[in-house]
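Quick one: structure below, then a few questions.
As written, the chain order gives the labels A, B and C, with residue 1 at the start of each chain.
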Amino acid sequence: MFEIDAKDKYYRDLNEEVRAAVDSGEKDIRLKNVNGQYYLATGLRGKVNITIEGVPGNDLSAFMDGPTVNIKSNAQDNIANTMNAGKIVIHGSAGDVLGYGMRGGKMHIRGDVGYRVGIHMKGVKRQSPTIIAGGTAGDFFGEYMAGGVLILLGLDSPEESPIVGDYLGTGMHGGTIYIRGPVQQKYCGAEVGVMETDADDKKVLEKHLKEYCADLGLDLKEVMSRPFKKLIPVSSRPYGNLYAY
Amino acid sequence: MFKSQAPPIFRATIDTDKCIRCKRCIQNCGWSTYSWGGDRVQIDTSKCVNCLRCYHYCPTEAIEILKEETRFKDNGYWSYNHIRNIKRQAETGGIPLTGMGCDREGTILFDHLMLDACQVTNPSIDPLREPMELKTFLGKKPSKLEFTKDKNGKRKLVTKMPPNLELAAPVIFSPMSYGSISLNAQKVLARAAKECGILMNTGEGGLHEDLKPYTSNIIVQVASGRFGVNPEYLNAGVAVEIKIGQGAKPGIGGHLPGEKIPLEVAKARMIPVGTDALSPAPQHDIYSIEDLRQLIYAIKEATNYKPVSVKIATVHNVAAIASGIVRAGADIVYLDGFRGGTGAAPGIIRDHLGIPIEHALAAVDDRLRQEGIRNEASIIAAGGIRSAADAAKAIALGADAVAIGTAALMTMGCTLCGKCYTGNCSWGITTQRPELTARLDPEVYAVRLSNLIRAWVHELMEVLGALGVNAVESLRGSRERLRGVGLDAQTLDMLGIKPAGR
Amino acid sequence: MNHDFQKDIAGCGLTGLISKKRTRVSGAIIAKSLTLMTDRGNGLGAGYAAYGIYPDFEEFYAFHIMYDVQSARFSVEEYLKDNFHVEKVEEIPTTPVPEIAINPLLVRYFISPLKDKVTGSGGEEDFVVNVVMKINSEIDGAYVFSSGKNMGVFKGVGNPSVISKFFRLDEYEGHIWTAHTRFPTNTPGWWGGAHPFTLLDWSIVHNGEISSYGINKRYLEMFGYKLSLLTDTEVVAYLFDLLIRRHGLDVETACTILAAPFWKDIDDLDPDEKEMVTALRQTYASALLNGPFSLLFGHKNGLVGINDRIKLRPLVAATKDDMVYMASEESAIRAICPVPEKVWAPRAGNPVIVTLDN
């Protein structure tokens, strides 16, 4: 375990230290006393585990391609922007615009997430990104979603209480959203179909949630104990009548 | 017979090889351009107005309407129309009549205005995926609201809100009377208004029975002829409009000749069949602003205080006039610019009186703000709104909504031939001839008109999205989002906008 | 030509704190929070508003005025002496810092309006507002930073730590602080362009751009406000003044106007509430703030945080004991309150309203 004390360190100096450690072959790096430094693990590649103690700043893990980042507290906005591969585990809550254009890898969040989470997530070839949030989400969850899987659990909410905001999946044209709680069609984008989950969905959910529970010390059975709704796009071209040629 | 020295403007032609002698052109032409010559269609091209009805209904595409090549010699000062009008006046001693709006070329201010868009410092908004609000209320608003708190600390509204008209989008249909247009054309307007959550306006022709199902989307008009006006009529719609003037013919009245007053029109107008329907130039109970106030409040008393709109043509002193109208108690000021359409107007009036809506709108909005009474009334801008772009620019200059007449008629087939005053409209719009009006199927054309509104709604949303705002009130009067291209300093100043680049 | 102005555009970071029990907190604390977000600005503007810093002069309007030229000071002081009792005048204490080569003259006045000068129905506060408008728009080279009682604004061209050092913020203690680091994209180098913007005891720090600025400005002009500062933040300060002080609305109602609910959500409200919110949107349509923003609004009785109705700018809130913190980033709060009791992100358009205990 390679430790770096981030206290009062400017982000450029801190990131340089992290990159130097990765370049020298460190596989397990712990950042202590982080508070607000931007761009941690941004553009980082390869197999390395980074543990962050404290609240990392914005644009964590942007363009990241491979590493695993473990955050022990809350995290801020713009995480996993255009991320390609790797994994982010957040033990607290996280902010707005998470996983924008995310193409691969996983993000597991224990707590709540903000607005525009999973916005324009997309899969390509064998890549399929996953975001799982344990709490509630704000508006525009899965906006423009084009691929991958978004799961929202509402673990700390009573059954039947709403756990996701308005404009759910608006502009969605690919991928799947699972919501462990009620979903009202009037809060969904026009392109979204809401349906019950079947046995195949259960398999998919179990596969993703098994790993999620292991990462965050949760009980899979408990998590699976409530019904999920499944949201998928019902038209890949919902705006066909919009233009005059 | 004396042959007119005003030569025909168009040349209707039929390719005899393609023509199958089906005679559809003869049936379709309201102007009798075509007749049957025994073995082929004969053409009197002097009657052709280039309305394209025959062209659209010819099954073999045999018809072509050409511009008449035989013309007066080109002259940079004496235009074709100057010469032609003199010939016509010499032959008839009459005033050349015109239909639709002024078609003279000249600076079109809308085309010199450019809207803003967001880049970096504020985000544009996706109008398809994110909320975008066009809902608009027309009417008086208080300048402030007062609340009290009940014993649980819950706020309660004390201010009584004046009545307002709710529109799903800031676009309404301008007044066009039954008589000037056909009942079917009015039904198209009424159906589309209902479908789109907006309003149509009866014009000064009364309210036909058949429009009663649509009254929650109808403004009824009172003008100088008082046609069809009684207490039931005043209360039938959601609001009442007092028409002072029309952009195409400010300061003059109207004359619907007796031969165009068949039974149904007569019933709606509450006059005998076959009598002339004269709309006097002024309203003879309004010779001054205090008289307008008297009429506004008479109507309010008669309708238990429905909103009252006052429609004026945009003349030189429009700002002061509008201010007076607002202070006289109007809830809505309807400004009709000089490009606005008409069923019939003397060319000299249509083409040379009044000012453009862009100038008038800017001046009125400025004046009402300077006087601190902008909230007292809504402004409708009309008279030449050709597109959603014009609408957006009018709203940015300060309009609450725009009204469209000509554009609405175009969805019914109108091609702007400008011969509405003949009563021969081959599309069945500005005619009362039953064989012509029967062509205009309200159900079919209401879909087209609704389509137009839907398309404009989407276009307005695209514009708002690019501007980074998600409610139309954030564009309304926001002249900061307009720039002028190729306009002189004084014009920019009058419009209250900056030149592009600043 | 009243439209002939160049609007300022700026990105930013903001932070604020309030002690509900009026415990006074050193300016060094808020500076530490703001300094963490230095990169949200570009070094061309930072500023602080503090409430409760002048307990010895709490009866007097505290005018912080900057002067670009000495002659402006003469004009202003002559004008003030004609209209106010001047209790005290002094230059605002500063410390030379290498990053600030030249700075304007900064003077504070503790004043109260002369009784016979206050006419009209608006009373003393309207009088003070008119004085501020007059100085800002008519006296070249003079600009009022702040004009409230027992509060003051310290701002200038520089990054957060430079400005706090320059103004010796660690020597002030207040029970409400707001602060702002600025990323202007034009008009750099003007001290008056930094946030907070104020009027009386209203102060605004703001992140984002008000895309509806054009109509908000014209709306305020109808009520006699002179918008001389060419920045959208100014409209926010004046809108609060109009809605709360002049129209007598409460803070919550003012927030409903500025970040109004969507029509489709209004349709779901119970009939009374629907009628009220519809009336608010109809009446105050031109006061809707549209476009991305988060802002902190400080006033003598409390602190309000709010962001736009589709949450295009961030805002995080936290509590500990009687303290409430709000900032653009959670880390800015943790810099001065490492272990809050509760941390949350307010929903779009939902204000966080904190009021001082009586």
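Keep this in mind: a residue touches a chain if its C-beta (ideal position, glycine included) is under 8 Å from a C-beta of that chain, and two chains touch if they have at least 3 such contacts.
Remember, predicted model here, so these are calculated numbers, not experimental data.
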Legend entry - Chain pair whose interface holds the most contacting C-beta pairs: B-C
Legend entry - Centroid comparison with chain C (C-alpha atoms), farthest chain: B
Legend entry - Computed distance of Cα centres, chain C from chain B, in Å: 47
Legend entry - chain A and chain C: spacing of chain centres that average the CA atoms, whole Å: 36
Inset, instruction - With chain centres taken as the means of their Cα atoms, state the distance from chain A to chain B in Å. - result: 53
Legend entry - Per-residue multi-chain contacts in chain B, two or more chains: 130-131
Inset, instruction - Quick one: which residues in chain A touch 2 or more of the other chains? - result: 140
Inset, instruction - List, in ascending order, every residue of chain C touching at least 2 other chains. - result: 310
Inset, instruction - Can you check the complex and tell me which residues of chain A touch chain C? - result: 11, 35-36, 38, 54-58, 74, 76-77, 93, 95-96, 112, 114-115, 138-140, 165-166
Legend entry - Of all residues in chain B, those that touch chain A in their complex: 126, 128-131, 455, 458
Inset, instruction - Name, in rising order, each residue of chain B that touches chain C in their complex. - result: 118, 121-123, 125, 130-131, 133, 135, 137, 141-147, 155-157, 159, 161, 164, 369, 372, 374-375, 467-471, 473-481, 493, 496-498, 502
Legend entry - Residue ranges of chain A in contact with chain B within the complex: 140, 143-144, 167, 170-171, 189, 239, 242, 244
Legend entry - List of chain C residues in touch with chain B within their complex: 1-4, 6-7, 9-11, 185, 208-209, 211-215, 217-219, 221-223, 246-250, 253, 260, 262-264, 272, 275-276, 279-286, 288, 290-292, 309-310, 312
